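Inspection log for the structure reproduced underneath, given as structure tokens.
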Amino acid sequence: MDAQRSKPRLRDLGITIGMLPTGPWNAITDVPGVRVGQTTVLHGDGPLQVGSGPARTGVTAIHPHEGSAWEWQVPSAIDILNGAGEITGRSLVDEFGVLGSPILITNTLSVGGVHRATVDWMVREHPEIGPGGWVAPVIAETYDGHLNDIAGQHVTSEQVFAALDSASSGSVAEGNVGGGTGMMLFGFKGGNGTASRVVEIGDERYTVGVFVQGNCGRLDDLLVAGVPVGQELGPMLRERRAQHEAERDHDGSIIIIIATDAPLSDRQLARLCRRGMLGLSRVGSIAHHGSGDLLLAFSNAEGNRVNVHAPAPILTTTRLSDEYINPLFQATVAATEEAILNAIIAAETMIGRDGNTVFALPHDDMLDVMRRYGRLA
Amino acid sequence: MDAQRSKPRLRDLGITIGMLPTGPWNAITDVPGVRVGQTTVLHGDGPLQVGSGPARTGVTAIHPHEGSAWEWQVPSAIDILNGAGEITGRSLVDEFGVLGSPILITNTLSVGGVHRATVDWMVREHPEIGPGGWVAPVIAETYDGHLNDIAGQHVTSEQVFAALDSASSGSVAEGNVGGGTGMMLFGFKGGNGTASRVVEIGDERYTVGVFVQGNCGRLDDLLVAGVPVGQELGPMLRERRAQHEAERDHDGSIIIIIATDAPLSDRQLARLCRRGMLGLSRVGSIAHHGSGDLLLAFSNAEGNRVNVHAPAPILTTTRLSDEYINPLFQATVAATEEAILNAIIAAETMIGRDGNTVFALPHDDMLDVMRRYGRLA
Amino acid sequence: MDAQRSKPRLRDLGITIGMLPTGPWNAITDVPGVRVGQTTVLHGDGPLQVGSGPARTGVTAIHPHEGSAWEWQVPSAIDILNGAGEITGRSLVDEFGVLGSPILITNTLSVGGVHRATVDWMVREHPEIGPGGWVAPVIAETYDGHLNDIAGQHVTSEQVFAALDSASSGSVAEGNVGGGTGMMLFGFKGGNGTASRVVEIGDERYTVGVFVQGNCGRLDDLLVAGVPVGQELGPMLRERRAQHEAERDHDGSIIIIIATDAPLSDRQLARLCRRGMLGLSRVGSIAHHGSGDLLLAFSNAEGNRVNVHAPAPILTTTRLSDEYINPLFQATVAATEEAILNAIIAAETMIGRDGNTVFALPHDDMLDVMRRYGRLA
Amino acid sequence: MDAQRSKPRLRDLGITIGMLPTGPWNAITDVPGVRVGQTTVLHGDGPLQVGSGPARTGVTAIHPHEGSAWEWQVPSAIDILNGAGEITGRSLVDEFGVLGSPILITNTLSVGGVHRATVDWMVREHPEIGPGGWVAPVIAETYDGHLNDIAGQHVTSEQVFAALDSASSGSVAEGNVGGGTGMMLFGFKGGNGTASRVVEIGDERYTVGVFVQGNCGRLDDLLVAGVPVGQELGPMLRERRAQHEAERDHDGSIIIIIATDAPLSDRQLARLCRRGMLGLSRVGSIAHHGSGDLLLAFSNAEGNRVNVHAPAPILTTTRLSDEYINPLFQATVAATEEAILNAIIAAETMIGRDGNTVFALPHDDMLDVMRRYGRLA
């Protein structure tokens, strides 16, 4: 547990996923240049009054590199495991194979407001957008209406600007924070999580970092390193919940962002997206009907960025040979699995609108289960 | 030229596309229940001042049937010919094969604001969204920044509500109106256009209606019923333009909405989208690099709507056998071609920001060309 | 262990996957009407002589229902997790949403020969194909060249006819049989496997059956019910292998066929395919670069079949509401996971061309591992 | 009309498509290195006897460059306008973005036999396939059963080898030849056609070459340079036909191969495929229900080929900036349109099985129509 953190992460509890090493932060920010900013929106208590609150939400911004995402566009791909969700900007990523904006993640009904604010922010940064250029930013979402006055659209433009402007490298806050503030995972409190892996290919070292805004899964399905923790802890959680509210079946959603500094083409990044799906499966998700399970991958390898102002007629880029890509697949599966578990481990019990309560996963109970399944001494 | 119209349409000029008959309005509203509403936003003149104007823009709303698009969802599909554009809500249409919101079309940078307003409108209509439901509305766009202060985001929530609330069946205004206000087509002023076709299959009559917000194409490429009108009128237009501004190469975009009352599945509607692409080709488009050529098709055949509140475990639906679908393909190709030409014919010369001027296609000059190519007596 | 079997399956060893019950055969044939036929081709020993052998291969035929797959076409979908493989007939399944042939699975280089033979068989069954109809049968493959003289194309037309003609319901042979004869899974001998699940939705019971021809995965990645059996047994297997051949890294492929009698549309069957991918992940696959991980799903619910001779202009079909589909997702994930493990459990050590040897997974060693991980008493 | 040709092509008749110049052969072989080989299979007359004939078919082979397509793989993409057809090898092209075999085009029911023969040929050329490598060749087809004993599978392995071995650069035979021997286009005799365009981008010249095996379209829909030739010549053709056979409605198919030496990525080649669709539309196709309208594009720019034996860990490739791609779109649309028309112009009246007769388009009658529509002096 590093000095900057007050809470343990999965590895601090003695559980590791896969054999590959992590980066120094075990976070998407281990990919050099990637910056994350988050604004958490928390106010009010008690009964839902649409427009007043309570608010249990926020917004997360991810810049794909240290510069302007619009000015220097990076190879990117989007793929969908289950489409019950929104990710704007997809047509452009599909057609051009590049990401041309920061990535914003928020609640379902704030997509429009965050889109509008992101456009304003980009125009502020690049006044030439408008008369001469244009943008279609990537805004994704999951649904927090169980805790949050989601129809109240509480995320303001200023809060979006704050997330964009404050984004930085280094440690990334997890759990009830930013866009993940009011989210749930496998019946427990969920939210944001991150993890990374480092691989060696030839003479080079590359990092894969994953960030999730996690709000999916059903209690009985939760797996921790293959152990059926959901089934084991289910009866206990159901009893605790029963004092607060009726059992509910939660379909949720998850946004999975995969970053790497390995030189990959958009086609290869689409391959990483499909491995993110496999990582999600390892935590027990079956991609429920109502779940928006959306993945975006990008590579910020320096030589492959395209300058929007003055693209040369001929672009020379590098890519890893597909024959050498397996370690990146392994890294993506493992980092996705661990990022989701980190979100669960970090999240804390939250009381939201109408007194709705979502409980944190009790670490000690989970560790007892892991011991019984031969995973801890 | 019918009594309700002050301007001729393509057919009024003696030019027909294909052999199939049109519906009574020759519009998307010939599909029973389809309703169109438009708010045009026009204010200011002179130099661009971002946030002040001049405004040359608007928003168009299409309701897929006479009821609530959210409450009664209809089979739908989206396809992309060239992805340099935005259409939100696509993941849901792809995954569930239904459309669950009205369709809004506006300018590129107003997508966020229109999205936000549409959510507010849907929550107003259906307060159960938020605590218990959710939405991901379809908002599409083309770019009007040559004439409009697009970065000013001039479309207000009230204007979105007005388009949604005022939507009606019957005649549909074309040209410089609604979302199409500031758009261009093949070097001439463009904007909104619509057309329809009626087919008989077995003992039934079905209508295909197409609506376009057209902003694509290059002058030299324009074809009218196969005649190279763009090449013929190019020198004249270039001379006229030269007095106003430098020749510019325009990549644009087009949104094509295809409606039918034929009972089609989402898979079959995707087939119609691809025929919309073929119709676009007939007008001369090569789907330029920077063009967002996006298509959405829906069928509002009554028995196939799904009630969002209480879907039965087993849904019984009908669909046209694929073996009988060719007349609908023919109708889609022809109605798309004619809708685009109707947009050009209806549009009027517009002066926008910084004095930028886009000229209407001169009808008489076009008719002269058509005569020379054996198309008019 | 039922009377007809000489070998245990995963459940016979005390290991279950998920909570859902299986059908009577725990096989794809639990879906009423589905029939499986297999021809195993085994001859020769010693050094590879292309064209002579040794042959360690075969072909598997799956009829989607009790009648003619061409005459009565059923809703179907294909999806690809990793495309390093071949599945013919895909364009048709994509476009029309139906399967119009039996499904044949063989080795990579026999696709052509099996395609040719299948066409001959279909023309024999339906002489009207040719002058008036046509076919594009579904032939899929995995690569058995490590054991088999794959370039020798040893599968004959007669062997294809035999698989098609002998197909039956009931118990399905697993392991080194049919198309799976020479295949490997996670470093051990692999091949064919199957499993099923039964779900109740509303007042109805539906079956999901999965069949795999499995030839993918790397030793270290193998998971059995979440337990890292590959890592645990790796050193032992590597020692055994060392006496026979150099360690090799195997990329392989897997064909996953998902059958159900639930009334699902082609779009919904595509959703099942994606859940098959999640099941594959649970066994430890990361979908290696060189793996052809191809999935096909079909529903043979009786009222939804389309007669190729005389489709009515209007087809009336039923489908499960998507809101009720989750149990089928759960069933697909679990049955896929178990089918792959059944293939490994059933497969026996095989010596192929050039003395190449692939070892069966030793059941007792695996069970020891499972005990240590708290999965067996 | 060049010396090597006995028949006129579209341009020889005074009709040009678009403004771009052609390459020296106005053929796919204008792309340096592209080689085409064709075997025509013609024997027998009179009533259909399946297995005996009459045979009116063949096979066409296209090598993407002067070397081995397997050894040096080139960027490639496949797209489908309407999927009622077969193209094998698609999963690999989709996943890896490269073409790894020659392209073979034949009749629908000979796909298997041609696939088998192509594998044999590739193993002969590269004995390392089999024990250590593998292939999934691209075989595409259209249906010639109206003239040909298609169920007889008359294309032999030797004929496939001959097409592959005899392939050369230079002039390409059109009309009733190779895989196109028994095909129809828009009610007239069709078959093979080709065309090319040369563009200048920056300081470079690039060629786009298109080859089609054309068997699609309905009489009334045929457009020649936008002129409704099908409608004009329909009555005459119907009268002529009436002496021979009942009017039939033909759905057909078309295979469109797009080659270029411009350095394009697989993503960009997919963009060319969609422009091929637009070119098909210009000839009047609505992509009928039963038409397999399949497109494959490849770029053989030298530095971008991948060596299958020894890919480096990092590949450095070039690509044209998407911002500069429009001339290649224009070239693709025009060359596709002209290739189809060249196929019609070159094809000659053919009598096939059961005396079925398909008439060539009468050049003089077509020219009369073109004159009336102001296209010829």
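Quick notes on this structure:
The chains carry the letters A, B, C and D, assigned in the order they are written, with residues numbered from 1 in each.
In this text, a contact is a pair of C-beta atoms (placed from the backbone, for glycine too) under 8 Å apart; a residue touches a chain by one contact, two chains touch by 3 or more.
Because the structure is a prediction, the values reported are computed rather than measured.
Both copies, chain C and chain D, contribute mostly matching positions to the interface they share, with over half of the numbers common to the two.
Here A-D and A-B were compared by C-beta pairs in contact; the pair with more is A-B.
Seen from the Cα centre of chain B, the chain whose own Cα centre is farthest off is C. Between chain A and chain D, the centres computed from C-alpha atoms are 46 Å apart. Chain B has its Cα centroid 35 Å from the Cα centroid of chain A. Shown for chain D are the residues that touch two or more other chains, namely 82, 95-96, 271, 322-323. On the side of chain D, the complex with chain A involves touching residues 95-97, 201-202, 204, 263, 265-267, 271, 306, 311-324. Residue ranges of chain D in contact with chain B, taken from their complex: 19, 81-82, 220, 223, 225-228, 231, 271, 274-275, 277-282, 285-289, 322-323, 325-326, 329-330, 333, 372-375.
Contact residues of chain D toward chain C in the complex are 48, 50, 80, 82-92, 94-96, 108-109, 111-120, 123, 127, 129-132, 134-136, 139, 143, 145, 149-153, 292, 294, 353.
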